[in-house]
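Two complexes follow with chain A in common, the first pairing it with chain B and the second with chain C.
So, the complex of A and B:
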């Protein structure tokens, strides 16, 4: 029981990160129908930029904000320079475009930051807290809180603001949205900015726990993508549920069987769920075909 | 009689290809380049299969390295552990990936689009994980060693020129088989699926069955490549069959042109050549490292998708055809009807 609680806490922590990454996938997908496999690189850039800023002596919370701004800028750049120019390309080509971008960003990062893992100080003092016999670090609590905050803010933004409504409209019916004076170009650009910011936040939150390195983005991107698919592509609540589930499968697999088997177990369960529910847990029939 | 929309295999292309294979070892004699050319052939086999899947059936596989790895490990275990003859294990190395594809295909038949892409990616990760973790059978991450060499009529096929010819002989077989498939009724059905699945299914094309068949074929091709790879090297390790390898195969197809058998072949050659060029430059200039290779791969993928969405080979052929039409127009001053049908040979 004590083990179970411990694995659950670990699973929810890592699952929160997957959930934020998956929200990034959904944000871009719902407006542009692009699957951005460079999403994991935003997380990596978030963690490593934070490391660099802190190590040159920028105050902690200032570098926090600067990191989010920098990664957001990269997301904006990516949409403006690459995605926008390939608008006519089919779905397979667009996936490959984002894979190319991800390889490119990873290559540059390994030149800038080297191949070592880096250490980032936690947000607050990091003495583990005991909960019912299981221990949890304050940073893990921060990660979970940040996930909840992000989900809350996203909900407020999408449902309560005018910009969010425009965003929703252009994902439901791009043509009608256009007729109502919503610029699809701006919305596409905005979706990349928003999901880059989400990636950066995930990177900042996880950096003190997993020691960021240039190659951490690939696996995070894959897990985030599988979370988005598992929840049902295009559904934001689905992405959060998918992320938490993937995190739980992983920590249970690592805890009860072996850490080498965790990916095998996670993706086997993932495939089983897809066989039962081919459109994901909360997915609708028409969503996710993406022209493929 | 030439029917509209019916394409035929242009045999002069195959003849040029055979000549190039035969001439290459005469011009280039360094063993390093022969080995690289052999690898390029192995990759070309996978790329041609993946090209059929992507360009003709319109499906994306992010886990092609799984089939490649399964083929390689099947033959390694059969020959080294069980003492089979490599030639006897060849059909099994083709069959096992095909069976895996059938299981995948049937259970995943309700999936499409990005869901299918993610399912193949998951398969790739699971297979790679099993190769690392199944230490009793696969010898784990350190690699499987002791794979016997191939021999034919009592003579060992050594690495180098003999193996080069063996690999490219198989590439030739795969190429001719694929060209014949795409120019047959099956190929036309596949192209129609790629253009519009709904339209072709309402014309009576059994879209599910064709897509399944191509998926199985591409898995078998990858298995063949795995067989060739295993018997070329004395040892293999799971690190050759990762997600990165799957992406590399994808890059070959996209670079060459996914709607073209020749394109996939050329894509595989080009990707290999880029790798070699960066590697050789890296030996001379210390600032060029293996990281630069990744940056260049990434840039190439980006540039190709943006500027040549159809891929290199079809773009070049289209350009060539259009300029020759313009020249013909100038000469005769009578407009020649432009070729609307894009090349998809």
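So, the complex of A and C:
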């Protein structure tokens, strides 16, 4: 029982990160129908930019905000320089373009930060606390809190603001949205900006736990993408559920069976669920119709 | 009625790849008019409307609106000029509430108009379409076809159109409901002074609300005239609309 609680806490922590990454995928997909496979690189950039800023002596919380702004800018740049220039290309070509971008960003990052792992200090003093016999570090609590905050803010934004509604409208019916004066270009740009910000936040939250390196984006991207698919691509609540489930599979697999086999276990369960529910847990019959 | 031209299409041609959909079409809509654009399926009616609202670019020709050349302007910019297109098949935001659909109709006002004016407009369209008021928190997609059409028109009215382009508002509606919708088109002009260009296949019903009309066939305007002229033109009835609906 104590083990179970411990594995659950670990699973929710890592699952929270996957959930935020998955939200990034969903944000871009629902408006542009592009799967941004550079999503993981946003997370990596978040972690490593933070590392650099802190190590040159910028105050912690200022670095935090600067990192989000920097990665958001990279997301904006990516949409403006690449995705928008390839206007009219089909979704598949755009997806391949994002793979290229991801390799490019990873390459540059390996030159800037080297191939080593780096250490980022936790948000607050990191003495583990005991909960019912299981221990959890304050940083893990931060990760979970940040996930909840991100989900809450996203909900407020999508459901309560006019811009959020326009964003939703663009995803449900792009043609009708244009006829309301909603510019698909601006929404596409905005989705990349938002998604990059989500990636940066995920990277910042996880950096003190996993020692970021230039190549961390690939696996995080795949896990986040799997989470988005598991939840039903295009569904924001689905992305969160998918992320938490993948995190739980992983930590249970590592804990009860073998940590070397955690990815095999995770993806086996993932495939099994998709065989039973090909559209994901909250996915609709026609993928993409649902919007955010 | 003043003869001031609100919209003018001059010799417009549009093609989809090698297929020419419009071939040198010209028409005009005067301030305060209801004009019907009639024609069979595939005649080019929707193409013409999409060219006016900026969804399509003509290969040649011009679209002049309020004296401005708007040819090739982005659809989302044209909306800001109060030229509003209510597209075919309603195209409401089906997973969003009726109220959200209406707010989105006023999206381009978000900077220029104050909140109060938007609320006023919502009240006005609720008066015109009481059913929408009853269902304001319901998802758009869960309403009947006729109600969705009313929502589509109401959403268009939220944009405070000077010129409203209505693409087959009666498509797929039961005859009685279709009649209601067309009567509403007449009410829109009476209450809001909106100029309307109406696409229809239904000759009789639409010419009853329209002042005059154009008949389009195979991408060309083949007849134009007042509603009574067109109604009594045997050529229009037989050759281009196939059958008449009473």
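We adopt the following convention: the second predicted complex is superposed on the first by the 287 of 292 C-alpha atoms of A that agree within 3 Å, B and C clash if a C-alpha of one lies under 4 Å from a C-alpha of the other, contacts with A are read in each partner's own complex, and residues count from 1 in each chain.
In this text, contacts are C-beta pairs under 8 Å (C-beta built on N, C-alpha and C of every residue); 3 or more make two chains touch, one makes a residue touch a chain.
Source: prediction; values computed, not measured.
J.: Touch test for A:274: chain B only (first), chain C only (second), both, or neither?
T.: A:274 sits against chain B, while chain C stays out of touch.
J.: Just chain B (first), just chain C (second), both, or neither: which does A:143 touch?
T.: Neither partner.
J.: Check whether A:21 is in contact with chain B, with chain C, with both or with neither, and answer first, second, both or neither.
T.: neither
J.: So, A:68: does it touch chain B (first), chain C (second), both, or neither?
T.: Neither: A:68 stays clear of chain B and chain C.
J.: Using the superposition on A, tell me which residues of chain A are in contact with chain B and, in the other complex, with chain C.
T.: Common to the two interfaces on chain A: residues 290-291.
J.: Mind listing the chain A positions that touch chain C in their complex?
T.: 162, 165-166, 168-169, 172-173, 175-184, 290-291
J.: So in the complex, which bits of chain C are touching chain A?
T.: Counting only chain C, the residues touching chain A are 53, 55, 74-77, 79-80, 84-87, 91-96, 100, 103-105, 107-108, 110, 155, 159.
J.: Please name which positions on chain A make contact with chain B in the complex.
T.: The touching residues are 35, 82, 85-86, 88-97, 99-108, 110-111, 218, 222, 225-226, 229, 233, 258, 260-261, 263-264, 267-268, 270-271, 274-275, 278-280, 288-292.
J.: With touch defined as at the start, can you tell me which chain B residues reach chain A in the complex?
T.: Touch residues, chain B against chain A: 54, 58-60, 107-108, 110-119, 121-123, 125-126, 129-130, 132-133, 243, 247, 250-251, 254, 258, 289, 291-295, 297-302, 305-306, 309.
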